[in-house]
């Protein structure tokens, strides 16, 4: 990671020049999102799954139910845990092994976007109040890393949840492997959580950056949208900063793009 | 924003009492002891120094190694001494915030160690910690673009309020937005939120936070001027 | 060997359907996406690159750092993301197998990173993974003595069979032998077995495995030729 | 940590010369202890706490109760666990992260001094014989490190225990957060445990060394005193050794100083 | 481990030349096993133990029983866990601390050889079906490492199991320390598991290699034999490969040597 | 001190039987196998060798990396193989003790590896281990100021006694003092105690320990002279 890949540096310099003219190497407008393909139900071993391609960035998400004890302060609710692993699969730059600090950062953002939204009925995941409830693990893996892992992961996790079937329980309320109820996981689509991550270069905001563009930008901002509401903010690293007006602008852009992405996430292929 | 009193008697846009002492740690290059309501924080800054192992070095700037820790006894139920995901995430985003304020590009291939220990916690520890760390960095004499003035704002019981304490945070409709501004530039260097709020309220909360940050900034300047009396003044 | 049909309709010495796509990962030097029955595998190969920390380097050859991982959702009950003993052992023996195929002596003091992720598992993941990894190594342009063609063979319900799936593996008398051959040389580079089998049956299972490996090898060649059309042909 | 700070080396050489004349840089006699300030009840989130300043060395200790299962060989007793963290806060030389081997050594010495003394009534920490008893965690943090961390930590831990209130239990014998019984933790003050750590340079014994003096001494010895008794010995590293007569002398000095330190620890400000 | 010991390299070159003439430095034939000494019952703290010397290679194995919950898929069976630690004791080249990848590899092979054989009656280790069963931990330590650790460990583990006494249980089915039933662990000696590890240099197979010979060989193969059956295969690393005919030959050699090694393992001194 | 017999028949100031074998490990620079009552210990010493990673090196002396381990089967209930706090602390103080005996200043920037494995434990393992390690260091030919002769002394059933075994340690009034002397100088290099004893008894226990250490030292010398016959004699 200490080696500087000169080709990437040169391309990032080009990207900066293009940004100044409000252009991008792939001819997108600064606020255009790359082609988004979502395939659900791709992994038969998962209780729900989705494969997201956002340009060249690819993320697979799989849901697995487990049974646990509810938290004392929400005895009649289940919970969700979103993890992201940026495995060595995705990029020559990324080490496998213990989760990188970046994977942790991105995973936490996605976790928070989904958890704060009101699209999941956590009470519906209770089994026996105070005793047993479902934990939904959403494990995400980057298969190709070409920038904007956060949004690709968020879309994959959300789509996998839409694909999720509720497992059958035996008489002692343990999960029966590979057997499902008729029921799908209930998701309130009006409140579906969608994240939008903006790069910033000088005073330009750039949506859905590629890996090269990530190198060119000075900082990054993620906003989570759920229906008409904002559910999460997260500013990334780098020397860049934001004015309050820019955050307001980001919220306007994100809410305007919301319906389109939501439709793609909900779409039954 | 209503000016109703909150359970602890504060107005909606009133900060808890903040007290600052600089240079409390003899062995650190810079340090700050900060009390913010019932939060108690010690922050130290050391460096820049050469980084080990060397392949962690950045040839273009100093790496800021920000470590946010909570004392085991700082919270209601004893916290495990092993740093959790929350600690690591706060360390990461706070380090990012400081990086935008410190002129790290002047010290390539080095590391600046920032250690913050929460001795007592009552909501808002990450902003108290960052406010203290920024002062410790200034106390260490690091060249800075400005100070980082951090504060939380949000919602409780239907009111948009500044500087939530634990009681505010535990209300059913609570929204907690942690912000940090580079001052006097008024630029956001940290912004995190959990909750579900409409756009308009988000903007209002941000404005409230900025006003709070301005108060924090004045207190920070005062503490620095007290320790380092100047002919002129920090702008 | 009897040609009775198995529960999934296969003959005793019939492989499950295998589909191969090369170069699926834009960021890797070489990559392979492989479906083998209900197993789904992605493998990437990167390098050789200088090794860190340096004292891990081998002055006589490249080190192959083979990492076999299972996605948490790839098995019936969620797998912990922390690699266990099984993962480490499979990584070790698979790395050994690849090392016998790749001309590692050409790249002293470097490391070649091989990452395999099992997305969906239905018995035989280690041989599917190694078959994919060998293709990814070829896709990465590494100089190789041959391809590694891996396949399992063994016994279920009294029959000696090729390519056990989970159902076969769960029979009470099941024996599972994982094999990998350097092809076209027909030399064993991986051989693992659990069970209790007489010598004669062991030999028969090995012969069955070799026949299976030959089929796997043909599919591997086909995939490579499709991506890299040649005047001649891989021998 | 591999870097040698030349200023410290030079000052340590000065300290050695002074030791030979039985003098110290701060004009103390070789067996004088620095100014000791102890403030109790400083952390409202702890069940008991104390802030100790021993010269420039500062340590904070906080007590937290938890409920656990008693050990099979002492079914009607609670227990105490003393930890020390020499956080990066205290010194530019110390890494945070996993507890350093030094912090572990010092923490274990303090733990043993307190545990071996008879000042704590462990039977009084039993809740239900064989089933439930209190675990008292005493977590200590160095805030400033200027030598003799062991004694500063021991005084802080002991003072925090004197400040400790017993939490209320609910009907299932779990701790009710932030509620306390009228009772304070019972400490037998006649048996209060107090540690004394001596440095050694050539044939000189030096009590309560500063950081620079630590660098100048050749080894270190800690004795734990409880009333008239010795409760713990611990020899530190370095090339120095001790004669049995020196240990006898150390015991005499420590027992003579006992009452004074004990009074400061017990003092209600 | 990165340092190349030139003396070892030179001796390994000599070993290669000797192999080509089907000779060895210690005058053994290529398929001869070194002197094997096995002493049982050497550690009084273990429930069973053995000290194996295979030439200069020495391994100690000790068995300890614990009580655990049976696996859901074998509710009326106990289990065995074999661990190998190649401690710093054995060799200047080996680090202590977390188990090395080699120790893990060797330990897993031995574990599998014993587990797959039918010499242990796992049903006999059940205590209460579905609730409690014995776990037998077989912990092995290399005391001297001079090649062929795998076989030395396997013989030590097997011999320690033959020496193992079943502990007494109290009325709640917990182990009573240091008390044993009259019963020894039942081992079906007809099915005793024995491993044989072959090195390969060019087309030569070499049984029971020394440390220097390990450096000279190009790969390694272990076969586990149990009566007339094969219970495990394991190919080691290196650039060498095996033809199927060679595996057949290895099986023939191993089964021919089986009775002799088995007798030594079973021998009551 | 009374000369009453203890449960195992020993007088109060009598050591358990000690047997020593040197050079038992062919691959170590120095080694020692030691039986002390029912304690069984193997110790090896290797080095000095260059230290990795380099920033751990000490420019003024060799670092002694003393590792005390207990075999899982050495105690009544199986011990976890993961070293605990007790193991680490014993390793630390024992390394300190050896450091005072070995002329470490002759080997700056290196490490000397000391490994001790307890195969069977019956109280007093740390002193048995250190006694063995000191012999292994001598067997490795390291230059030494003297030998480290370690022994425990303390109290059981109201008696001040030498060399407590497990039975002695389990008495209600037991006090266990671990000591190690640099011999023949009779200087303490390790001294640890748990318990509650008056000063006078402490002094007596120390004297008892020194007498025990003198016996241990004689046995150590005898073992060394047997292996390394000399014209003169170790002083």
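By letter and in written order, the chains are A, B, C, D, E and F; residue numbering begins at 1 in each of them.
Throughout what follows, a contact is a pair of C-beta atoms (placed from the backbone, for glycine too) under 8 Å apart; a residue touches a chain by one contact, two chains touch by 3 or more.
As the structure is a prediction and not an experimental result, all values here were calculated from the model.
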Identified repeat of the A-C interface (over half of residue pairs identical), from D-F, B-D or C-E: B-D
Identity of the chain that, by mean CA position, is farthest from chain B: E
Most widely separated chain from chain F, with each centre as the mean of CA atoms: A
Gap in Å, rounded to a whole number, between the CA centres of chain E and chain B: 58
Whole-Å gap between the CA centroids of chain B and chain F: 51
Cα-centroid distance, chain A relative to chain B, in whole angstrom: 27
Touching two or more other chains - residue numbers and ranges from chain C: 53, 55
Residues of chain E whose C-beta touches two or more other chains: none
Chain D contact footprint on chain B (complex, rising order): 24-29, 38, 40, 42-44, 46-47, 49, 67, 69, 71-78, 81, 113, 115-117, 119-122
Residue numbers on chain D that touch chain B, as the complex places them: 43-47, 49, 56, 60, 62-64, 66, 83, 85, 87-93, 96-97, 99, 137, 139, 141, 143-146, 175, 177-178, 211
Chain F-touching residues of chain D, taken from the complex the two chains share: 1-2, 4, 101, 104-105, 108, 112, 115-118, 219, 221, 226, 228-244, 247-248, 251-252, 255
Residues of chain B defined as touching chain A within the complex: 54-57, 59, 85, 88-89, 92-93, 95-97, 99-100, 104-105, 177, 182, 185-199, 202-203, 206-207, 210
